[in-house]
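Each of the two complexes below includes chain A, the first together with chain B, the second together with chain C.
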Partner chain A sequence: MNEVSKTGNVFYTFKGLLLKPEVSSFLIFIIMFVITATLQESFFTIKSIVRNINAFTPLILLAMGQAVVIVAGGLDLSSGAALSLFTCVLTTVMKRNDPVTGIYAILVTFAVAILVGMVNGVGIGYLRIPPVIVTFATSYMWLGIALFLRPTPGGESVDWFRAFYKIDAVAGAPAVLKTIGTFIPPALVLLIIGCLLWFIISKTRTGRYIYAVGSNIESAYVSGIDTARTQMLACIINSVFIFLAALFFVGQNQSGDARMGGPLTLKSIAAVVVGGISLTGGRGSVYFALLGALTLSFVNKIIFFANIPNAYQTLVSGIIIIVAIAGPAYVMFSKPKQ
Partner chain B sequence: MNTVMSRPKFLSFRIYEKYKKIVVVFILIVLLFVFGATTLPNFLSVEQVFMTIKLASFTALFALCQMIVIAGGGSGLDLSVGYTATITAVLTASIMDGKNEPLLLAVLIALALGVMIGLANGVLTSYLKLPPLVVTLAMADILQGIVNAYVAGKAITGRPSPILVTIAAKFTGKFPNILFVLILVTSITMIILNKTKWGQILFGVGANERTAYLSGINVKKVRCITFTVSGVLSSLMGLLLLGNMGIAFKDMGSNYVLPSIAAVVIGGVSLAGGEGNYLGVILGAIFLQTLTNLLIAFGLGDAGKWLGFGIILFAMLSAYASNRRSR
Partner chain C sequence: MNSVIVLEAKGIKKHFGGVVALSNGNLQCRKGRITGLLGANGSGKSTLSKIIAGVYRADGGEIRYNGKVVHYRNPHEARRDGIALVFQNLSLVPDLTVWQNIVLGVEKNRGLFLDNQSAKELSRKILQQLLPDLDINRKVHELSPGEMQIVEIAKAISENPQLLILDEPTAALEQTQAKNLFNYMRSLAQQGVAMIFTSHRLWEVMEICDDVTIFRNGEDVATIDFEKEGKDPEKIVSYITGEVKKSTIQVQRREISDEVLLKVNITGKDKVLKDVSFELRKGEILGIGGLSGQGQQELIYALSGSYPGVRCDVELNGRKLRLIRPADAIQNGILLVPGDRQREGLSLEHSIYSNMIFPKLGLRGHPLFIPETRYCQECEQIARLLSIKAPGIDVPVNTLSGGNQQKVVVGKWLSFDIKVLLLADPAKGVDVGAKRDLYEYIVNLAKEKKIGVILYASDNEELIQYTDRLLIMYEGRIVATLTGADINDDMITATSMRVR
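Coming up: the complex of A and B.
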């Protein structure tokens, strides 16, 4: 069979290759990359690369976290609300004039992040409530708590927190760090931390279990995997990714906002889908969520260059998400029956 | 032999299960009212109770859309209900402009919009097999985007026609008129779901897709229809909301999305599909409204409302999930 397809019609081999989600999502990424690069004249200057990385980082981190949960057979509708909650906690604990409170804030927020992941994990893994519903419910819990802490956007932040956004902006930072910071923005460091985190986890038993549970929870359970614990760990990993995004956000804006993250939830799911990761779980590479998020971000940039008025952007992004999800499905179903 | 013997037992068990959840919700409502009556003055006055029921009616009607989609199974869920209502209200307000004559036109526009939106949801979810959650969320985005673009740079003009105001906002004596609508809708729903083959088909598809398919039911078509019905009903709800509020605004319907799902869950309807008891859902809506009233009366505002909703929903889901857990 293999022989035939190799020596036979090249076109079918090509089409078969295109049907692989990874290949098609990589191709879409390349196309969007090229279009953006041609539209933006200064695309390849360091300044604009840094600016782009800063603009894309929150979505990339959220999408990677989302991908971990989706691969484990879940879905997180609360990730945007959790991001808002973390920014509110960070800016509530911090006091502007006391640099030490920054460290307290990071520790407290990290604990909150673990707790948030555990609550989602208990719902999805141990209670086995449909992930969509339980994270929908928790998203309103996070929104409620965030509104308690910060009814209106604002809050305090210590000065050195800007280091998560731009080392230049921190008064009294070492000159060496400042020089490095102009080439390697902190956002990139956060992204690398995220990728390393998943790289390490994917090499451990937990990483394999996450894929096993996602592809077939019954057989994973029968094989002796603690499926509930695995799904909870996936939720906690997701929470850590969101925590990284929150650090960047507070570094950038120096404030917390209870309603800021909402729109990012759907985008993160869309990024995962565009990255070729199956929503049914167990299939796809978490790193491809990064690619999907980049593709979506480039599309947003293209919309921006096309001079579409602000009022139409929600509309356009909604349509793009539908097309992005429906496109691969259409290709899959138009495949000739074997 | 065995199956014939076990059937009545099975049926009575189901009826018991059905009523058990309704009784639980009813007790919860009574507890809330008792708590409210002991801590707040005027909480149990006739006006206050009818006001609660009036506000709950809107949630209950939105929850009907949700229940029909959920009953169809396949992890069906319609997160675009509130947004469909918003777009209908915004677009029809200027057409009606406080007069009764254009009401028919407004209703026709509402129907057309509802069919279009519902059909789009249905085709994308059932024929292209996309996850309902993502599709309806994206649809919500698109609808809100259209509304944003429509209202950008200008005020939304127009008022509802007096007939709509009478139906949705006014009272007959102390009795809110919207309650008549709810009673009518409830009776029709109960008859269709329990006495016609449509109800059986819907629950059959929701309970076991494969069995329904093998019995010759067009599963995709049924699910597509549930989304269309949900779209039409929520579009008509837009008219009623407009009648109740008197003006149209950008996010008049979006606040009903979570309560509509919460009411279905609290009403004891399984989110796995295959069942639906609208009376329970109405009680769920009343429970949520009473809870909201209490939270607002205690001055907890938006934060308390969403946190309370989230916790109650989570608790209910956990309680119902524990019945179903096998390991």
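Coming up: the complex of A and C.
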């Protein structure tokens, strides 16, 4: 074995492990999980778990979609706006008294989602415009269309759409489904669908190429990979994740809102980073975006339960996130290397 | 010589901008034979192999592959036809594993999903012979340069090419790795694969190749069949250098004082730059030559404090210094004119004036407010001194020609107290007139102000014409020191290739 591979063994020491983004992300997650569980007495009751899953699902789905784009070497500043747009499209197509319109709405919105992904993907992949610019511009387009459809929050939704939030709430639902629904909330099913989606993609060429393109686009190109197409597919996959989040949101609120998604954009990017995924692309696991989103959500809960005055909550959450991300790196780099 | 001709290149021409890279390139490759390509830097051998692999398109001439004329527009088309080029670490994706890289772009499916099992088996089979110890599940960015190079080769082989082009494959390899590669190349040859092998290491070519084609100035000057004509290194070197060029340059060597200006002592465990120590005298122009990529550029950067990884201890006028950051060098008057002026030497969108004052602003003890009037006058003076052709000092440097841009890079330092000037290929892409101006100015500077100059140039002619002493580097070490009449083309080539 030569010198280089010996230094590679650094990764098997404790400090080296901390430096591995996945390991440190996981540790941070565990810490936040334990703190939250201690602070909230009812944390392990089914009711509380279901409530937490419902609260976290939109961010988790957006973060996983965002992770796919980031791994492919892009960035999506339009994901929150796309989420708003999808809720507005859903509630515009649906008519309260006609259950069939629910199906139409899902189909139309899915098509819109694919289109949204394609527009971002063409800009990033084919036109080679920097992703920040493309998605910043498209975020205004999505917001503009959403505001046109739904200037104020509202709209109609069919009754059975509540099934995406709570099966109990649907009037005519079968009793069996209702019982299952109390243990396995629909939000969890959406998350599982999301994870399965990525599991399947990651076993195909597209999944491999997304990593290759994000890691080194030139090398991927000379290896015969259609890099533009790969980046566009990544954007479309992201859009599908956002679409799943939109189903949940409309199920929960029975309405569309052109401004609800905005704040989620940067949160989803932060969740990806907390999940140990490299912003430069190619590195990190998409599933860890889920962990990152959970960590961020726990931070909010901790602040809530720690009785921190309202005025300081935002400040404290910022500090916790910075310490959590920078901590492991500090431990590693503060000691001089031999 | 009786086996089937796989590939034949006839009269290939190629130029980049105004520079002719190939004027008349001819080459034949036969089934099961390894053809060596030799030539000095810029002789056209790499260009030709890249044209064959579809990386570049030829401006003229024809390539026949298996008897048919082919025009490849990109490397994929050539690969599909069975011509594989081993890239120099260009086609590996750092965050994928070894086996994922080997099948990248040609993955096979089993049902809906990727067939990882067969991909791993294939990778293991190929690497068995080349590098048995390598764990194929490691990510490529964790590998050493040599291991990466081998993975690159394995990737090219995985597609069962008929013609394999290896462009300097051994440059990054350790001795045992190179041995394994040669053994593998021999077994590939037995299977009927034709190969093109380029290397700067003459003895490697003599060891592995069946015949060799030598390039000089964009033309093939000789083809030697080792079996019939034997292996004569001196003869090959004479083909590489050519006899015509020698007499054209008449150089007057100057007398140099014995006063030592700079003592350099570099140690470290760097991959490119190994232990280097030498002395530079006052008023001397010290050249650094050798084959390209032997650590010359890195040496220059280390001296300017911008090459981390090695410890650069120097003694300037008897005072000990350690150069860690560029500021250390600048503060002490060791100033760098980088080779890539567009990237490292200039802020292209900024004016001549801004570019010239930038390095001053970071100096210790610089006044808080910029003394604009004084700097303007200084700058105009320097512009006149160097005869920079520009409408004024406030025009952006990207409107200037290459030669004038380079004068601005040199001009940056002229208001400093220069002790040592470091030049990294300063005349690259500069026209003949501007090149002569630049060098004459530097020679005068060295003579009058008694500064020391360390010059690295990829063009041997510049080294022969302007240096007082020439160090030849090879694999990060100084292997020869040439002085006086020894600074000539023959000696440079011979010592660079370690024939003498």
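Everything that follows uses one rule, which is that the second predicted complex is superposed on the first by the 294 of 338 C-alpha atoms of A that agree within 3 Å, B and C clash if a C-alpha of one lies under 4 Å from a C-alpha of the other, contacts with A are read in each partner's own complex, and residues count from 1 in each chain.
The rule is simple: a contact is a pair of C-beta atoms (placed from the backbone, for glycine too) under 8 Å apart; a residue touches a chain by one contact, two chains touch by 3 or more.
All values reported here derive from a predicted model rather than from experimental measurement.
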item	value
First, second, both or neither for A:V273, with chain B first and chain C second	first
First (chain B), second (chain C), both or neither touched by A:R283	second
Which partner, chain B or chain C, touches more chain A residues	B
First, second, both or neither for A:K203, with chain B first and chain C second	second
Partner chain(s) touched by A:L191 [first = chain B, second = chain C, both, neither]	neither
Partner chain in contact with A:A163 - chain B first, chain C second, else both or neither	neither
First, second, both or neither for A:I225, with chain B first and chain C second	second
A:Y211 touches, of chain B and chain C: first, second, both or neither?	second
On chain A, positions contacted by chain B and by chain C	none
Residues of chain B defined as touching chain A within the complex	75, 77, 124, 128-131, 133-135, 137-142, 144-146, 148-149, 152-153, 258, 261-262, 265, 271-272, 301-311, 313-314, 317-318, 321-322, 324-325, 327
Residues of chain A that touch chain C when the two form their complex	1-5, 8, 200, 203-205, 208, 211-212, 214-216, 218-220, 222-225, 282-283
Chain A contact footprint on chain C (complex, rising order)	75-76, 79, 87, 90-96, 100, 104-107, 109, 112-114, 133, 138, 142-144, 146-147, 155, 174, 269
Residues of chain A touching chain B in the complex	75, 77, 123, 127-130, 132-134, 136-145, 147-148, 151, 221, 266, 269-270, 273, 279, 309-319, 321-322, 325-326, 329-330, 333
